[in-house]
Structure formats: structure tokens, C-alpha cells
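Chain nomenclature is as follows: A, B, C and D, assigned in order of appearance, with residue numbering initiated at 1 for each chain independently.
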């Protein structure tokens, strides 16, 4: 098929390569003209605007957005919806909030445009060689392009999860689980690092990846990371976060669900952004007020 | 080689089958005589006491204990050490606390007996078909029997981790990580279960296992579990725990290490043992004392 | 002064009694006509509509809303703003979300109406005998009615905290702290209840209230509660929550602030609403999949 | 009465002043001879050894130890028990672990010596002007010296809580609650500090201390602290801890009790000891391995 791709960042560009490799055609646009040229060199048809991209496709069109969630996605949808027609399919492959997705899908449906939300996991390597996609929106629209997902995903690596928003919801929760698993693994290695034993972390990650209960792709990534830097001396312990962990916890609060591990994984990331917390100062100040910790405290 | 095995529970029996399959001989003992007979039927040499088992082996002997941690392990060591001789190797394949291991190893070394601690992961299937083992204790003793580990473990599935206790320490931390990962996955599915979408959990687990960041053996087990009982209606949400999660947290406290995810994974297990907590009653009582929540609370 | 009061629930009615006792006049309205009659019997001037209430007051008017946050507050503001004039003061004494407050204040200011947000703490007893109020909005408007706060609050029990929304923000955070303190106290008593000692909780609360570091009004309430029901046998451990704990945590996430104690206090409340969690079932299912916990688990 | 006091640190010295003020006599010993001289100047009878101190008292003797928990307490008990006789009372006013207390009480009882464990709260000001004491051990022994507690404690500020160890248990849990309350307060102020509003923390603490639900001694201390340093600029956010919070959590684990607030209060203290955690590095490394966070993460 002929697929429109808007957004050629790391994820979008790799997705394009993946698509091309599977004998599809790609018509692409990115705000960065150089990137478009690079894409053209790989066999895609470059365009200079969203409008042009859409006009290069024949109805029913299929356009895959791979742009940052939020305002940019909003803008692209607005522009695209002016050129798209009833029966066309617009895919949001980014990490949009599922509530935004539901709202957008309803609005696009008024024009007859099918909006599919596709949560994508697997990182850039996945986008390139076989992603994992969680898809929400019209089942009929999905069915009409299922072959695309079959081609660009690993085996059994795509799922039409349900109504509009379910794909992004699933991806959001996936990321919440990911936060928890990463923090669990990280705490484990910190307990090794602080112990009296002299563990070889790369070897530990390797043995944990072979036959153990906790073998996992994240543990494989740990093995890779320790292979490159045995004690991670080159890194600071600052843990950034995209919005999805936050949304997961906010959703948990909306659903009155106790998710302490996801919550703490996120809060520890926030904690890592600071060297010196104000709450820490308050506790230190209160301890000072007690008047003496040297003998019998508080 | 000819290996003594003490303890033929689910883990021990499967280990024995694994050993036999790799052209080793097994001399076995269990307090349950029927189990010993069953083992003999599989090709092992059954014995009626630890003493007899040890006398069936030639020096330098190798004896693998697969018995519950704690008193029983203590007792078996005491008995075994009366018959073992300098140069023999005694293996603790159970989930002993690494502090006990260090103490025991020191005591056995006084008699010249090498004590190897072998943390074993992978469940009964692992014990049978290829385990993951984390080994602490004398490197020379380990080297002398490395082939055994090569045979009974999956490829790259064993590691001599360091001095005495390091194997059990690694297994302990492994279990702490496991607690965190399990709770993360469980929280994720609870967020799916409580959402307005109608997710098919088995299919979700499957897609998460193919190409996603959180693919893992635990997610495969999730897929299996949902395949058997789509909504887990047959289960109560009671989460038991063996001692290792607790030891991990106690170790974290000893090392002054912040491990909130491991901590909460454990605490939520304790919470699940109760329907009605006293702390909940106290909070409810305090809210009552405020005097009125119907309009503007507290 | 002559104060309009809209909403005569537990908090509003007690506030009215408090106001009347301090030689102010009160013109009141409530949707429940009986309550209005009851108020009239206490010396207030009852009215049958918000419009009537406002017309009973002379400019510049001061009207105190004491109604549930959310839609009802929204409705009352809409109605009141139709009768209020430039220079009048409208007070929201409820637990509104500070973001709503900022939005409402801006809108009312277009008409010249001053909107003060007054977070109120101390429960119904406080409303009656001396509240604690945290006030946001125009400093000039506050100054013009400071005497009212002086009269109805305990000594030093009111604070003009800053711009619009700061009063409700302060009350919100106050409730977050309250959640944390209550959960801390509750956990403490649970550790007493589960210990081998036979503590008298009322006596413990009393001694902790006299000279200890943790003496506090919440501990006094604990003492009262245990005086009525020594082991809280008459209560279930279900911990309900109003919206403010949730808002506090959501605000923490917006500010990327690690507030684990406030987070967990809230999550444990959610947890208490369920007997059997789905996450618990998932963990139990995973443990079953391991294949055997009787000897050497996982 | 004539009271022996061993240990004249901040707590012990203030306790001595308190005792003297209530017309008791004090015979004191401290390893620091200067401190003993200082105590003598206040009216106490100074001695140069534990043995001498005990010989200055008449049977039945009452000796109050106010020394750091652990080895030092152990040593003092050993020395004192050589001079004490059946019927004498030895008081441990320090923060000993209740398990040690039970063990020590049993051993001393073999000699007929009554061992009372007295958890003391209120800081140095409390020790000086009126403490809060939680007392475990023989009820008869306690009864024989109840007047002492009446004198040195605030009104209703002492409690014979039960059998040996119950006083230290109660103090331990008290400290666990204190950790939770402090962290709750600290998180609240951090949410103020990070907000867009410009709060005056001292004034906030003051208003929260007058009429609000969270009024408490710890909030009074907060007010004092902010009065001295409005934004706590002079402090680092490092939160040290004595052993009691750790013991509380360890006890919670032994009792299989979910105490997330106490747990996290402690873990955040540990977290504050480090600028750069290894777990943070691991998470950062894993995020790097994903391969690109700039567009669509993970």
C-alpha cells in the first residue's frame, strides 16, 4: 500500500524504513527539509507540506502521524483534516493521552475520517525491525489495513484493542508497567552495588536473563548497558520522564486504584531531578528544633 | 559425576530428573520414603538416611541440599557434616538467608568442607529443564564441579558470583526485583480491568510479549494465566510471600538504600492478607471525629 | 456587619451560629426550607432564593457560600453573579479546586465582583467555635472584612495567603498533610494492635498527647475515638476520601514533586475500598504459574 | 527520693535538672568528669564510677540510665548489675530496641533486679520541663516509684504500658509515627515552595497551628524553624535518622503489617543521604538503551 507518514524523527524515520522494506510505498513529510531529503534517498516520496502529502495519496488514504504528543499533534490533525476526506484513515502513532484521542476521534468522525490510535512500543529498534503496536478505533478501518501492521510488527506484535483511545490507553498503562519494572530492576542493582560483595553487573544481568524468573528485555538492555560501562560511571542518576507515567498515575487516581509501585516509580524520577529537596530541609529543621540528637533522639 | 541430593520436593525431584538426564548419577534421600522409591524408579539410587547417602559417594563428595530454608536446612547440615570429610562439597540449593550461609560456610570450613550457596531460579520447570543458578563460595570448589552447572542450567544460566553468601544474596535480590516486577504488571492489569474499555487480557499479555519494552517471562506467565481463566475469577487476591522479599527489604534498610518499589510490593502483599485493617478503622474513626463529611469535609 | 450565607449544611449552619454569636447579622439561604426556618429560629434572616438574599444586603455586599465544591458551587456563583454588583465580595468557603477558583475569580472580576477563596479547617466544631481559615484573593477586599475573620476564627486562626486561589491551594495542601498524618497515626496503632503487648489505646493516645513529639489535635481525636470504642470494633476499615487528597497528589505531579507519604495515604484509602483486588489476583496467578511454592519458591 | 543517674548527655543532664527541681536528690555519673562537675554545681552528688554511684544509694535503689542504645547500654548494665542487689530498680531511659530490653530484663530478674524500660519523648526541652514517658516492666516496681514520673513528666504524661519491653515498643512506634508526620508536613511545605504562589511559611505554619485539623507540636516547631530562617536557606535537605524508624519498619515486617507511610518516610531519609543514586543511573542507562527519547519515547 501507499502510506503517508508525517513526522520523521527517530521513531518516524525508522518506521518509514520498516514500511519500505516490506514493499509498501511511503509518502513523507517533516518540517525539517533535510530529513525529507534523507528519506527520499531511502526510497520514499518526499513532500513539502501536509497538504501536498495528502494529495499524493489516493482515497481511501492512510496517513500515519509520528509526531510528539500535545500541541504539535493537535496542529497536524487540524491541517491534515482540511485535506482528508470521508473514508480516509488518520493514524496517531505517538504517545497521545487517550482522552485527547477520544475527543479527536469524535471530531474527525464528524467528517467521516477514521482516526486510529496506535500505541507503539519497542523503541527505535522496534520501529525499524518490528514494533509492538496497540491499536484503538474503528474495527473496520483497522481490518482494512491490518496487513500493514502484520508487516511492520513482530509476529503477534499488534492488537486491535477496542474502541477509540484503547490503543493509547494500553500504551499508557504499558509505560506505567515499564516504569515499575525499570525501578524494580534499578533497585535490585543498587542493592548489589551497595553490598559487601563485588558483583560483576554485566554477568549478573546475563545470568538473570537465562532461565530466571526475571528474564526480560529490560534485563537484556541492562546487560548491554553494563557491557558498555561496567559501573555506569559515565552517567548521572537523573531519571527523566515523558508524560505517560504521569498519565498512568492520574488515571489510577481517577479510577480510585491503588498502584503504589507505579506511583513510586514516577515519584522517584521526580526526586532524582533535585539534589536538595525542600522537604528534606523541613525535616532537618524539625530535627534541629528537637534540640539534640547526640544522645537520645527526639 | 555422582551427585548426592537431599530433599526431593518439587524442586529437588525435578533437579534430580534434570541431573539424571545429563548422564550423571544421583544418590538421593528424602524423609518421605515413597518419594525415594519414586526417585529410584527414575533411575536414582535411593537411601534411607543422610549418613547412608554420604557413604554411597566417594571422596571428594558432592551433596546438593534442596530443603526449605531455616531449621530444616540447619538440621540437615548438622547431620551431613558428621559424615562429610575435608575436601567434600556441600551445596545449599535452597533459599537460605545469605547471613546464615556465611555463618554456616565458616563453620564447615573448619572441617575443610566446602559450602557452596546456590540460588536457583526458574521454578520447577527450570529445575527440570534448565535452571538459572547463582553460586557463591570457593571458586576452586565451584571450578571442580562447573560441568554439573553447565549441564543442568540453560545456556549462560549459571554464575559464580563471588564469595560465600553471594549466590544467596543474588537470589534474594533477584526475588526482590521479581516482587517489584510482578506488582508492576499486576497494577497494570488492574488499570485495564477498571477502565471503561473491554480489554482481552490474554491478548494484551500476548501483544506485550511481542516486541514491547515490557516483554518478559513474567508477562508470558501472565498470558498463560489469562488463557486458563480470562478474568481470574477463580482466584482470590491474596498474595502470599516467602521470606526473600522481606530479607531484601531488611537488607535495603541495613544498607540505608531507598527501595520504594520493592518495599511497597512486599507491603501490598501483607495488606492483601487482611480484609479489614486496623489502620483503616483508625482513619475512619478520625474522620468520624471531625464531625461531618457531608458538606465540606475536615 | 450583615453577612449573606448560602448553604446551611453542617459547616454552613455552624458558621452562621458562630457569626451570630459575634454580633453580626446573617441573611441566609438553603435549598432546604426547613433548614432556613431552623436558622431563622437562631436569629438569622431567612430567604427563599439567592436573589432575595442578595437584595436583603446593602452594597458593598458580602456573601459567603458554604456549598459542596463542583457543579453546585458553579451554579450558585452563576446565580449570585446575576444579582451581585461591582464592589461586592463573594466568598467560596468550600473545598473548591484552586484552579476552578482562579478561573472563577477572573470571570467575576470582569463584573467588578471580588471573589475570595477561603479554605476552612477545624471541622464542624471549628466552624462553630473558632475555625481556621486560609484566604486568597484581593488584599483590599480581605482588609475590608478582616474583622469578620477575626471574630469567627480562633486567635491567629486566619491568614490572607496571597492571590486568588492561594486560600484553596493552602487548604488543599493542608488536607494532603492531614491524610499523611492520619495514615501515620493509623499505622502506629496497627503496630500496637498486632503486637504481643496488650496496649490500652486510649491511654496510649493520652500519653502521646502529653509532652510527646507527636502530640496533636489528631491524636486528641484518636483519644476520643478510643474512649468511645476501645478497639474500634464497631467500625469497618474503609477509608473514604473527598477530592482534596487527590488534588494534592495531582498538583504534586504537575509540580514534579516527590510526595510519597501523601501519595500512599491516598492510595491506601483507595485500597481500603476493595476486599479483593485484581492486582492481587494477578500476583496470585503468577505465583501459581511458577509451579510450586512448597519447597523452594520461584 | 534519691535517684541515681548514669549518663549526662543532653537528655540526661536535663532530666537531672528536672529531678532536682522537684525536690529529689540525684547521684550522678558520666564518663566525662567535667560534666559530672557541672552536675555537682547544679546540686547533684557527683561520682567517679558506676560502682561508687550505686554505693551512694540505699536499697532498694533506683538507677536511671540515660545512655545511647546498643553497646554502651549493654556495658553499663553489666557494670551496674555487679553492684545492684535484689529489689533494686534499673531504668533504661534510652531508645533501646525492645527485643534487647526483654532479653536484659529476663537476665536481670535472675538476680532479682527490676528492669524498667522508659521510652522518653519531648526532646531536651521535655526532659527538662516535663517529659512524656512510656514505661514497661514490673507493675509493682513502677508503682513504687510512680511519684517520680508524676514529678518529671507533664500532666498525664506517663503511662505504665505493660510488660517488659512495652515502653520501648511504644516509644519505637511513636518514633515511626513521628517520621510519618514529619514527612507529611515536609511534603506539604515542598508543595507550597514549588507552587506559583508566594507563601510566607512561618505565617502558614502559624495559621495551621490555630484551629486547623493538623495543628500539632511538630507544626509549632515548623513555625519556630521558619521564624529563624524563612526559606530554610541555611540547611541542606539531608535527613539523618536514629535507629527507631528502622526498627519500626522491621517490626512491621515481622508482624506482616502494611505501613507504607512509615516505610516511605524512612526510605526518603536514606534517599536524602545521596546525591546520585545507582538506581537512578540504571534507569537512565535503560532509557538510553531504548535508543531515542526525543520524539516518541520507549
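Criterion: contacts are C-beta pairs under 8 Å (C-beta built on N, C-alpha and C of every residue); 3 or more make two chains touch, one makes a residue touch a chain.
According to UniProt, the chain labels map to these proteins: A, B, C, D = 6-phosphogluconate dehydrogenase.
Everything quoted here is computed from the prediction, not taken from an experiment.
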- Message: Please identify the chain with the largest separation between its CA centroid and the CA centroid of subunit D.
- Response: A
- Query: Upon optimal superposition of subunit A on subunit D over Cα atoms, what rotation angle is obtained, reported to the nearest 5 degrees?
  - Reply: 180
- Examine where the copies subunit B and subunit C touch and state whether the two sides share over half of their residue numbers (same) or under half (different). same
- Computed distance of Cα centres, subunit C from subunit B, in Å: 48
- Query: Per the centroid of Cα atoms for each chain, what is the distance between subunit C and subunit D, given in Å?
  - Reply: 33
- Note on the structure: Residues in subunit D with touches to at least two other chains are numbered 121, 123, 178, 183, 185, 187, 190, 194, 213, 218, 252, 257-260, 264, 267-268, 271, 277, 279, 290, 298
- What residues of subunit D sit close enough to touch subunit A in their complex? 7, 9-12, 66-68, 93-95, 120-121, 123-125, 175, 178, 182-183, 185-187, 189-190, 193-194, 218, 221-222, 224-226, 229, 232, 235-240, 242, 244, 260, 264, 268-269, 271-272, 275-298
- Item | Touch list for subunit B against partner subunit A, complex | 121-123, 126, 130-134, 153-159, 161-163, 165-166, 169-170, 173-174, 176-181, 183-185, 187-188, 190-192, 194-195, 197-199, 203-204, 206-219, 248, 251-252, 255, 257-262, 264-265, 267-268
- Item | subunit B residues within the subunit D interface of the complex | 213, 246, 249-250, 252-253, 256-260, 263-264, 266-268, 270-271, 273, 277, 279, 290, 298
